[in-house]
Amino acid sequence: MKPRIAFFDMASCEGCQLAILDCEDVFLHILDLVDIVEFREALSEKAPRFDVAFIEGSINREIDAERLRDIRARCTWLVSLGACACHGNVQARSNALSPAENLQRVYGPEACHVAQTDSQYWPLWAHTRVRAVHEVVKVDYHLRGCPVDRDEFLHLVKRLVAGSLPRFARQPVCVECKHNGNECVFEHGDTCMGQITWGGCDAICINGGYRCDGCRGLLPGVNLDSHRALLRERGLSDTDIDSRYRLFCSADVQPRGTRP
Amino acid sequence: MRGFLTTRATVLDWLHTLDQLGDVFFPQPMGESSFRFDKVRKHSLLAFEDFDATSTEKPFRASTCVQPPGKKLSPNNEQIFHFSKNENGEYQLTPTLDDRQRILAGVRPCDLKAIHLMDRINSDGIPDAHYLSRRQNTTIIAHDCLQPCDQHCFCDATGSLRWREGADIFLTPQPEAKLLIEALTERGEQLLADAGFTPCKNIEGRKTLAEAQRTKPFGRQFNAPLQQVIDTVSNSGESPVWDKHVERCFSCGTCNLVCPTCYCFDVQDDFNVDDPDSGQRTRSWDGCMLEAFAVVAGGHNFRPQLAARQRHRIKRKLAWLPARFGDGSFCVGCGRCGHQCTVDIDIFDIANDLLATAETKP
Amino acid sequence: MKPVDFDAHVLTPRMARIIEARDMTAQERFFRLQLPQPLTHRPGQFVMASILGIGEAPISISCGPRHDGQLELLVRNTGSLTHAMHQLQAGDYMGIRGPFGSGFQLSEFEGRDILFVAGGLGLAPLRSLIEPVVGEPQRFGRVTLISGCRTPADELYREQMQAWAKRPNVHVIRLVTDTDHLPWGGEVGLVTAPIAKLEMDVANTLAVLCGPPVMYKFVIMELAARGLPNAQIFIDLERRMRCGIGKCGHCQINHVTCCQEGPVFRFSDLESLPEALT
Amino acid sequence: MSKDGNKTYTIQVDHVTRVEGHGSIKISTRDGKVEELKLSIIEAHRFFESFTDGMLPHEIPWIVGRICGICCVGHQLAASKAVESALGLAVSPQSQRLRKLLNESQILQSHLLHVYFLAIPDYVGAPSVLPLIKTHPEVVRRALKLKHLANEFTSVIGGRALHPMSNTLRGWRKLPNLDKLEQIRERLLAALPDLDATVGIVKSLKIPDFERETEYVSLKHPDEYALYDGEVYSSDSGETAPASDYRNITNEFTVPHSTAKWARWHRESYMVGALARVNNNYNQLHPAAQEAAETLGLHTPCYNPYMNNVAQVVEIVHCAHNSLAMLEQVLDDGLVKEDISHTPGPGHGVGAIEVPRGTLFHEFRFDDEGRCCGADAVIPTSQNINNIERDMKAFAPRMVAEMSREEVTLHLEMLLRAYDPCISCSVHMLDVEFVD
């Protein structure tokens, strides 16, 4: 029987699901290999059980966490899809403030009060903290990046379909940057997070003329002290450096204790 | 073998005509201040060496390309074979051998020596068919250096500056934007046969002229003769020098991936989505500085400490491979690793530090 | 450069049909393959085995030299390729390259007493030497096999070890570190334990070890305590290997490549390779 | 008379599928009369206001793209314009042209996705695009091919299809490769027959017959069909207002059953998006697009919100032809590396742009050190949502009288999908009280 795969979105820009819909050229062939049983962005179908569940987005409310636990109970493999699911991504920057402060900032004091006291609405509004998926349930694989890399997605699906296991190289972005023979960003005066960021993106931002801002999260065990010292030498203040590390919140939540 | 003397502009035109034979590569500017060994196209800016540093034409002074020219002979993600199933359900496997003609031009002496060393590696023991197939269909037009390309260069110290072996044609800068063109092999001789360049009657005199112009001392020099460096590195086991030089290291592998004599690779298989019975095996550049390099099944890592990996890298260049092949240093002194490392960890400094600690030992 | 002759298929496998596949333990699966041509391997060599489209890995040849083109492998499920191999059945195909590596020269063992020490999966490569040695008792001296594993459920080649033990001049010691409350006819302890008590003609004994890296140090200490010279100890090392032909660099130990000069080394030769037993 | 025997019922559709983001619809009827109808946005908030805090100017366009994957280019461009206006940065004609190409490539992507993947299945009675692979393989193949082309178009211009990185303040960090641009031009040209076929399919769809006149709002530009540039135009007033007036245009307010905010301008609600643009700027459409509108029976002013999908097809034709013309210009003129440096500093600016779903406003304020200290964004969907609920309320009594419960549900969902709402954005909006 073909493996059944399902997609679920939590708090995210839904770009990672789109990145997967972007496999147009191979989409029909993928459908020969797997049955897509839930994909809210493209389908209306729903299914009770599935082999692989892809979770896009961070977990911001208890109702979302409940939904996630339910999904975990219905699947064999659970995959965090993209930076929001892997480490909270940009929205986790709001964790610096309390939930009530955040609500008040966006909706004003009155709405904030109603949202927190009217039981008809509070589950909808009850924002706790922005959490990564692995902070709530066990995660088997992380597909990193904002957005995810379609080749990594294809690799994972193909490997699981073939009865093998996916393998994601545990190496920094610099490796792929050098594979591509790029000029190092430091060479033209800017600074880069490539040395400490989990690769697999083919260094796409550097290929495109930018630098690495670390959307794929910190590689475990990296020499962060050295990186900070280097950025200081390049004239960045500690505020700048913290702001850079927090741009995608990549340094905040490290997926640990799970398969790489 | 014959020699010619002609202007750079003529040589440029000639290089453009060579693309009838196959792809022609030459160092070309990229980004803000770097060079890339790239296919020569109609409007490409080619980075030649100049006789003296007075030329105002830009960009003539090429520093080393980020990726050395030798990498064209074992490209990243190189296909090893592809497979499919025939009507009888049997697998058909076809090795991918690239035997297209290509010309690597503007190869500097350090990179030339590196190609020679890779020839040794790939012919050693069980030869590597994929490398050799490319190599044997490659013509090399090397280009002398009269000034060190940047402050990281130490090619003279490693014995690469005057390297000629492996080149089919050798270009030496001459005054007035001219070049001395020498055929070093039969293949080079043939290539130059109908180029229509003016023969040079005084090849030796021209070479002497260039030699006199060469910067002296050329680039950085070790604090001891090369053989002593090799002996010292060979005898350095546990040493605080290793630890000192990895304090700031990211284990990012850049130093491996830009080195012209690093050749380690990883292998990947893949099958096609539209026909899962077909696919290919490829290999990609790997590096011994990367943490997972020596991890085996079950997770045991044979070189978990950064210092052990750094020592491994340096010793391959300056101890083990020299011992195995007797061809001198496997570091050709191109300076790429020190240049590209974002925290300035430089094999040159490490070697000098090892010399210094060896001296202070009783 | 001077032209060099090469084999275009050096990195391209030949396909071998699986004629027998069965789980030997929960983690190890046994395969018997039929090759198009015999490998003519030496004991202790390995092949690069692959599933096309999934990957390739070094796997020890676990049978003695044979002429019928059959090959036996024992594969532990540890990662992406070996996981997929565990789904293979008789009739499926595996890609095979090789044989690679130094292996053992049978002639060196002639007339000598041989002590085999196998830890876990280490028995698989050793079996390629034990088989021919046990098969020709007149050619070799006394054979002792110490084989250890975690629990009785993890033991490999049990029946075959029992059969070897019945041969004259063959002594087999089977150990587990934990019986796990399963029926167990062997001993409990580490493979190092029996060495001190072994009857051993030190001058005429060769020891051959294969097991996880942690095992070697302790076994060697015991052997040294018995006075066995380092030149009489052979060790089968494991390293990451991607090519088998000394090019990928992963298996390099100091100045040697494990896939070419190894994976079997004489322990005395390892003294110049400080990284060998890390 | 209702086809459904039971005239008293409640329909609740949670997690409406095939829309961006999470919305739910609740309708209660008693004795054939609609008692209550509520369109709720149940998307979790992502508190974007908390994250622009302290960011440097060039980081803003890069990061705010993360508000929404499908409109990432629109957010990036609106933010670029707002930040440039705050810092007084000039944008060269070359960069402007590249930005227009980038924007139109994304409009192509997004409209194709919505028409083929989200809307057409409803009209042919399929739960999704998947069954169509069997029943209408050529349609699916064409959809995938066109979508793929549009994606690669964005990639070649911007560096990748989603969250492109090559555009920044003032222009391009790394210019698009001319060879690749040429390839895209050729492929677009070759795809024009596929666009005709797209028009053909959409022409055959039976669009529900429902009209409710409302106020149509979009950008308007004197020289071109306004997508990247222009002032804000209202069909009610017939006048334009500068983008910086956006607060007086959108007049946002909060309702408790929705995590997205609502908007109104001259009347109780207004509409933005493809239909509003076609209604307001019909004469500036490319002739081929006007022809498509003719073929599709889209006559302006058009008051049927379901026709928004048709207007999207008209815009697909427009963007394809317009992009082709711009690509030709770029290929003729070549691309030159430009100075795009800037110094962060204090300032305040607003930027507006037409994205697939309508007019998008961004506003930023920077302190003396050039760090962001105030941000706001008003997203098309939060402008539309009020109008959608009103459409639903207007249509529902007729639906309840004439249709089965399943059909009611379907028609409500179709209406939501026709607007092509981007619910993710509407909740991911930015807003902070400004400290002046």
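As written, the chain order gives the labels A, B, C and D, with residue 1 at the start of each chain.
Here is the rule we use: a residue touches a chain if its C-beta (ideal position, glycine included) is under 8 Å from a C-beta of that chain, and two chains touch if they have at least 3 such contacts.
Bear in mind that the values here come from a model prediction, so they are computed numbers and not experimental data.
Between chain C and chain D, the least number of touch steps comes to 2. By the count of C-beta pairs in contact, the leading chain pair is A-D. Each chain gets one centre point, the mean of its Cα atoms, and the points for chain B and chain D are 51 Å apart. Once the centre of each chain is set as its mean CA position, chain A and chain D turn out to be 25 Å apart. As a whole-number value, the distance joining the C-alpha centres of chain A and chain B reads 38 Å. Residue positions of chain C with contacts to 2 or more other chains are 51, 53-55, 79. In chain D, no residue reaches two or more other chains under the touch definition. Each of residues 162 in chain A touches at least two other chains. Chain pairs that touch one another are A-B, A-C, A-D, B-C.
Chain B makes touch with chain A in their complex at residues 30-34, 36, 65-67, 76-77, 247-254, 257-258, 266, 270-271, 273-274, 276, 284-285, 287, 290-292, 340, 342-343.
Interface of chain C with chain B (complex): residues 1, 3-15, 50-57, 76, 78-79, 82, 93, 95, 212-213, 238-240, 242-243, 245-250, 252, 254-255, 260, 274-275, 278. Across the complex, chain C meets chain A through its residues 51, 53-55, 79-81, 83-84, 87.
Touching chain C in their complex are the following residues of chain B: 80-81, 83, 90-91, 93-95, 97, 116, 119, 121-130, 132-133, 135-136, 166, 237, 263-271, 276, 279, 281, 283, 286, 288, 293-298, 300, 302-303, 308, 312, 315-316, 319-321, 323-324.
Across the complex, chain C is touched by residues 159, 162-167 of chain A.
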